[in-house]
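Look at the two complexes coming up: chain A is in both, with chain B in one and chain C in the other.
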Partner chain A sequence: MKVVVPVKQVAVVDEDFELADDGTAVDPDFLEWSLNEWDEFSVEAALQLAGDDGEVVVVTVGDDEATEGLLTCLAKGAGRGIRVWEQSLTSADALAVARVLAAVVERESPDLVLCGVQSSDAVNSATGIGLAGFLDLPHVAVARAISGGEGSLTVERELEGGLVEVVRIGLPALLTVQTGINEPRYANLRAIKQAREKPLEVLDLAGLGLSGDDVAGASGGRLRKLAVPEAGEGAEMLTGSAAEVATRIREIVQDRLSA
Partner chain B sequence: MARDPKYDILFEPIQLGPKTLKNRFYQVPHCIGAGSEKPGMQAYHRGIKAEGGWGACCTEYCSIHPESDDTSRVSARIWDEGDVRNLKAMTDRLHHFGALAGIELWYGGPHAPCMESRATPRGPSQIPSDFELNIHPRYMDKDDINEVQQMYVDAALRARDAGFDIVYVYGAHAYLPFQFLSPFYNRRTDEYGGSFENRARFWKESLEKVREAVGDDCAIASRFAVDHLLGATSIQVGEDGVRFVEYVDDLVDLWDLTVGDIAEWGQNAGPSRFFEENHEKPFTGQVKAGNHTNKPVVGVGRVTNPDTMVAIIQSGQFDIIGAARPSISDPFLPKKIEEGRPEDIRECIGCNQCISRWEIGGPPMVCTQNATAGEEYRRGWHPENYSKAGNADKGVLVVGAGPAGMECAMVLGKRQMSAVHLVETDSDIGGCVNWISKLGHSDGKENLFRGTARGLGEWARIVNYRQVQLHKLKNVEVHLNSRLSAADVLEYGAEIVVIATGCHFATDGLNAATHAPIPGADTSLDWQLTPDEVVLGDKQIGQRVLVLENEGYYMGATIAQKLAGEGKDVTLVTQAADVAGYMHYTLEAPMLHRDLHRLNVDIRTYTMVDSIEPGAVSLYNVWDDRHKDKVEVDSVVLCTQRLSNDSLYRELKADPAALEREGIEAVYLIGDAQAPRMIVDSVFDGHRLAREIDSPNPAMPLPFIRERRLWGDTGNGDFESQLLAPSDMVTA
Partner chain C sequence: MSGVLVVAEARRGELRDVSLELIGAARSLGGPLSVAVIDHDPSRYRDRLSVEGVDAVLAVATPNEHFEPHVAARALEGLIASEQPDVVVLGHTIDSLGFAPAVAARGGHGFASDVTRVSGGADSLVVGRSAYGGKLEAELDFPGKDTVLLLLRAGAFEPAGGSGSPEWRDVQVELGEPRSEHVDFREAATGDVDITKADFLLSVGRGIEDKDNLEQFEGLADKMGAILSVSRPLVDAGWVTNARQVGQSGKTVKPKVYLALGISGAVQHLAGMRGADTIIAVNTDPEAPIFSVAHYGAVADLFDVADQLEQQSG
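And then the complex of A and B:
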C-alpha cells in the first residue's frame, strides 16, 4: 500500500512569551520547533499499514525549519519526503495548506492519506478534512483504530462521550488519526544518520502547477491580531508554602461544598 | 529570565553588626571533610556556593585548640598561623564572589576525644560524653575557665586575621558553652552552676571577651540549640531557651538557631524519611515569634522550596534562610531563583549521605543529588558548567535510565555530545528509585516531626531533577518501553555505548555473610520475596514474616518497618551487631529503632539463617553455631546480596569484531551494572564517566589532586598556581 502522510513542524511556545511587533504571531525568539504530536501516530499507522512492500511518503508545507520534522519521519522508516515552500505561504491558513497538499497527493496518487487529527499549535482540525474535500476523497475523522487492507479499511472513530463509531471505507481514502492509536516507534542513531541520504524533494507552487491565486482562493480567513487574554475577575491567586496553599484550597472546597 | 517578584524579599540585604549580608541565603556551618588540612577543597567547595549566590558561607566546626580535637572526624582548626594561611584560601574565594565568610569556633568538651592531640578535654562537670565512648572531661576550675575563654579570644583574633567576617561562639549540639548552660551536663555549685544566670555565665563571658577582641571588625554569632529535646532534664525552648536568647541578645549580631544535641543530631539534620521540610519551626520559630530577640535570626530545616523560604520570612519565623544540605545538593540554589528558573533547583533528598562520610570520619563529603560536591577542587568539577567534550561529534547510546544512566546521559548532553539516546525498558525513567521511593508507610501514629508519614518519597527527586534536565537538552532523546538486545545495540549506530542496566537481588539467599546460597531460599516461590517484590505487591504476604537483612544499609530494616507498620508480625534478622548499621552514619538509626521498637519488630542480631523450609526458618548465632533457633513464618523476605545485570555488556564485549564492524568504538559499564552500590555512588559513576568521556581511557578514572604534604618539599604548588590566582578569580 502506498500512503501519503502530511505532517507539520509545530511551534512550541515558551511558558513566558511575547508577540511579534505586528501582533499576528508569537515572537520567534520564544518558539521552539518539533514534529506535531498527532503526526507521530499517523506516521506510525502509515508504516504499519504500508508494510515492507509499500511506500510511505511524508509531505509538509513549511520553511527550512520543517526539514527536521521530515527527517524525523524518514528516520522512522518513511521512504521519501516532500517539502513545499515559498515566501507567499507564510500566512497560509489550514485550507490554503490543504489546497497545496491536494496538489501533492494528486501527483502521488496514493491508496491512503493519513493526517493527524489536528496540529498542537494552531488546533484547527481543518487541514485533513479540507484536503479530503479538495480531493473529493472519502474520509473518516478521529480514527482510534484501523484494520483491514486491500481495497477497504475498517476504522473506529472516536465520538463524544466515549462513543465509538465503526466505519468501513473504500480506498483510496483519507483518515485523520488520533493520538494513542499505536505506540510510535523511535529511530536509532543509525537510522537518523541514514535519513539524510533519503530522497527529500523541495518544491515551490509552480513546481506543483499551482499559482498563488489558486492557494489564496482556497483560503478561509485572515489572521488579524493575536492577544493575550486579560486576567478576569473572581480569580484568587494562592501564594505561600505548599502547606499554606493546600490549607487554603481545603477551605475553598469546604466552603463550596457547604454552600 | 528575571526572577519572580514574589521572591524579591529573599534578596534583601541584612545588617549583621559591622557586616552586610547581601541577601537572605546563608550556608550555615557544616562539615565536608576538608577542615584546615585540605585548603583547596575547603576554598573551592565554599567558593562554588558563593558563586551560586549564597550571601554567606561558613566553615564547619572549627577547633580553637588541640584540647578540642575530634579525630577521626574532620573539623576545621585554627590553632596557629598555618591554619590561618590555609583558611584564608576560603575567605579570599568567598570575598571574590561577594559573600561573607563565617567561622564556627568550637570547643567540644568531653565530646572531643582528642585522639590525635592526646590532650585532655575540659568540661563543666566530670560527666562522660553521651556521644563518644568512654571519654571523661577534666573538671574546670576558675583558672581552667579563664584559659579556655582565652582560647576563644586567641582563635577569634586569628579568625579575623584569616579574613572571616562572622565569628561564632558555637554552643549548639551540646558543645562546651551549652554544657555549662544545661543542667544535664552542669552539676556545679559555684558561680558557674545552679541558677540560670550561673549556668549562662560561661557562655556570656565568652561572648563578651570575643566581642571585645574582634567585635568592631567582625559580626559575632552564636549557634544555639533552643531546645535539647530532652524535656525538663535540659534546655527547653519555653524556659531557658528563650531566656538565654534574651539574656545575651546584646552580645550577638546574629542568632543561628537549632535543636537537639550531637549525640542525636539527626533531630537537627533530619533525614527525609522521618522529618519534613522546616521541621524545627515548632522550636526555633518561637524565638522571633515571641519577640525574644532584636537580632537577625537564621535557622534551618532542609528548605529547598523558594515558596517555603518566602513563607518563613513573611511569617516572621526567621530573617535569614539557613541551609546546609540544600546548599550541598544545589550550590546554585539562590542564583536559580534569581534567574527565574526554580525548576532547575537540584533539591536535597534528605538521604544524609553527606553526613555519613563525616560520621565515618575521614572521607570527603558526597551527595546523591550533586555528584560534584567535594569534587570542586580535586577533580575540577563545577556543578553547573560543562566543557564541550573533545569527542562531541560521537553519538552515544546509554542503555538503562536508572541513577547512573540518567546522570550519565544528562552530563553527556550538557557536554554537547552530538546525540545521546537514553533507552529504558520500563515505562518511566528512574530505575530502582521508582520502587525505592515508594518504600514507607503511614499507620496513623504521630512521630515527633513528620506527622504520620514515614518513607522515602523525597528520594523521587533524584528522578524529577534529571527528568526536567533531560527534557531541556535538545541533543538527548529518551526512549521508554524499549528493551535492547545485543543485536539492537550493535546496529544502533552509536560510536559510544554505555551499559547501565542495574542489578537484581539474589533469589537464592546468596549473601555477604556466608558467600553461599541459603538452603531452601528460592524467591520463585510465592511465599519468598526479594525487597522489590514487597513494594510491587504482586505476592501475597502472610501474617508472620521474617526479613533477612544482610546488606547493612536501609533496605531490610525499611522493609521490616513497612510490613510491621501494615500490621504484620515481623522478625528482623541480621548477621551484624545491629540492623542497618550504615543508618547510624546517616543519622537515621535512632528514629528507625524507635519505630521498629514501637511496632514490636523482633530484632535478632549476630544471627544468620541456616535454612528455610515451608512454614519455618532455622537460625544460628554467628559466634556459636551450636546456638540455634527456629522461627515459624508464613513469608520470608531476602535482603541478601545484589547481582549486576551485566549480561548485555558481557555479550557485547565477547564479540570485538562485531563491535568494530558496526563502528562501536567503546562500550562502558557503569553503576549497579558494574557493581551494586549505594545510589550516591551510582550517580557519581555515571557523572564521572561523562565528565571524562574524552579522556585517554574513560573507563579508568583520571587521578585527582591529593592535598597531601610532600616530604622534603617546602613549596606549595597547589596554592601558588591555583588557589592564589585561579583564572576565574582574576578581575579586570
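And then the complex of A and C:
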C-alpha cells in the first residue's frame, strides 16, 4: 500500500517571549521546534499499514526548520520526503496548507492518506479533513485503531466520554490519527545518518501548479493579532518549602472533604 | 436569508448538550437564527430545541441511523446553498471535526475551530481562539467570506435557556451516499473503578515521567483516601487503562477535591475536570494552563511535594 503522511514541525513558545513587530506572530527567537506529537503516531501507523512492499511518503509545508521533522520520519523508515515552501506561505492557515497538500496528494495518488488529528501549536484539527474535502476523498476523523488493508479498512473512531464507534471505509481514503494508537518507533543513530541519503524534494507553489491566489483563496480567515489572554481570577498560590506546600494541601483537602 | 445557522449535534438518539451552548453563542450574534438537525429522526429532538430565540428548526432526515460524515457534509452544503447563512455554528466536537473542515474547504468558506469567543455580530464577525497551548489568544476575522463556519469549544459558552416555539421545517437536500459504514458502538475500556463517583481524585500526568513511578502515586492516593486518576498521555503510553482517564475522551469528573500533580492542563483535560469543587494543582511550569482553572496552585516539583504528602499522611 502507498501511504502519504502530511506532517508538521510545531513550535513551542518559551516561558518568556515577545511578539514580532506586527503582533501576528511570535518572535522566532522564542520558538523551539519539534515534530508534532500526533505525527509520530500517523507515521508509525503508515509504516505498519504500508508493509514491506509498500511506500510511505512524508510531506510537509514549512520553511527550512521543517526539514528536521522530515528527516526524523525518514529515519523511522519513510521512503521519501517532500517539503513545500515559499515565503508567501508564512501566514498560511490550516485550510491553505490543506490546499497545498491536496496538490501533492493528487500528484502522488496514494491508497491512503494519514494525518495527525491536530497539531499541538495551532490545534485547528482541520488540516486533514480539509484536505479530504479538497480531494473529495472518503474520510474518518480521530482514529484510535486501524485494521484491514485490501481495498477497505476497519477504523475505530474515538468519540467523547470513552465511547468508540467502529466503521468500515473503502480505499482510497484519508484518516486522522489519534495519539496512543500505536507505539511510535525510535530511529537509531545509523538510521538517522542514512535518512540524509533518502530523496527529499523541495518544491514551491509553481512546482505544484498552484498560484499564490489559489492558496490565499482557500484560507479560512485572517489573523488580526495575537495577544496574551486575560488571566482569570487565577489560583491562590501556595508558597514555601515542599513540606509547607504539602501541609497546606492536606489542610485544604481535609477542610473540603468535610464540608 | 442571512443570519446564523446552528448545526445541532445528537448521538444515539440523544441531543448532545453542546447543541444548547451553540444556540446560546449564536443568539449573542443577533439576526435570524435557525437550527439544523441532520439525523435519522430529527423530530425526536423537537422539545429540547424549542428554545427561546430560535426562529426555525430545519430538519434533514438521513437514511443512515448514525452520524456519517459524508452525508452530514452534503446536508450542510445543501443547507448553506439554500439558506445562505452568514455564519454556521457547530461544536468543536469529534463528529463536527469529521466533516465541517471538508465543507469549508470545498465551499471556500471562512473557517475557525476551537473558538472560545465570538463578537461583532453575524456580518462583522470577530472570533478568538487559543494558540500555543493557551499562552496566546489569536483573534481572527473573515474578510470577503459570505459564509463562515465556526466550531465552538464545548463548555466555553453559556447554554441557551427559556422556551420558544420555532417554526419546524422539513428540508429536502441532496444527501449522496454514505461513504463509511457503521459497524458498532462500544466502550473503549471498562475498569474496576468509577472515577466519576469519587469525592477526592489524586490525578497524575506526564510529570511523573516514568511508569515505575506510578506505584508511588497509587500508594499516595491510598494513604490520602483518594482515587487515582490520570491525564491522557499515561493512557496513550499504556501505563493505565482509560477507565481512569479524565478529559474529553475519558471521563468528566466533579469530585469535591481534584489534586493534580504534574498535569499541565491541555484543553481536553480541563474539559473533563473544571467542574470539580476545589482544584489544587502542583506543576513546575508557572505558565501551565491548569493554574488558570485551579483554586490553589503550587509551582513546585511534584516528587518533592508527593514525598512530603506521603510522610505527613503517616
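Observations
Everything that follows uses one rule, which is that the second predicted complex is superposed on the first by the 247 of 259 C-alpha atoms of A that agree within 3 Å, B and C clash if a C-alpha of one lies under 4 Å from a C-alpha of the other, contacts with A are read in each partner's own complex, and residues count from 1 in each chain.
In this section, contacts are C-beta pairs under 8 Å (C-beta built on N, C-alpha and C of every residue); 3 or more make two chains touch, one makes a residue touch a chain.
Quick caveat: nothing in here was measured; it's all calculated off a predicted structure.
Following the overlay on chain A, a side-by-side fit with no clash is recorded for the pair chain B and chain C.
In the superposed three-chain model, the partner touching more residues of chain A is C, compared with the other of chain B and chain C.
Of the two partner chains, chain C is the only one touched by A:Leu226; chain B is not. The superposition places the C-alpha centres of chain B and chain C at an angle of 90 degrees about the C-alpha centre of chain A, rounded in steps of 10. By the touch criterion defined above, A:Ala191 reaches chain B but does not reach chain C.
In the superposition on chain A, contact is made by A:Ala242 with both chain B and chain C.
In the superposition on chain A, A:Ile82 makes contact with neither chain B nor chain C. Superposition on the common chain places the nearest Cα atoms of chain B and chain C 5 Å from each other. Overlap of the chain B and chain C interfaces on chain A comprises residues 183, 239, 242, 245. The touching residues of chain A, counted against chain B in their complex, run 16, 183, 186, 188-193, 239-242, 244-245.
In the complex of the two chains, the chain A residues touching chain C come out as 11-13, 15, 17, 26, 94-95, 98-99, 120-134, 136, 138-142, 144, 154-155, 157-170, 178-180, 183, 217-218, 220-229, 231-232, 234-239, 242-243, 245-250, 252-253, 256-257, 259. Those residues of chain B lying in contact with chain A across their complex are 1, 6, 278, 305, 307-308, 310-311, 314, 395, 397, 419, 421, 477, 479, 481-482, 488, 491-494.
Of all residues in chain C, only 11, 66, 69-70, 73, 92-95, 97-106, 108-114, 126-127, 130-143, 145, 148-149, 179-189, 199-200, 224-225, 232-233, 235-238, 242-243, 245, 248-252, 256-257, 259, 267, 277-282, 285-287, 291-301, 304-305, 307-309, 311-313 touch chain A in the complex they form.
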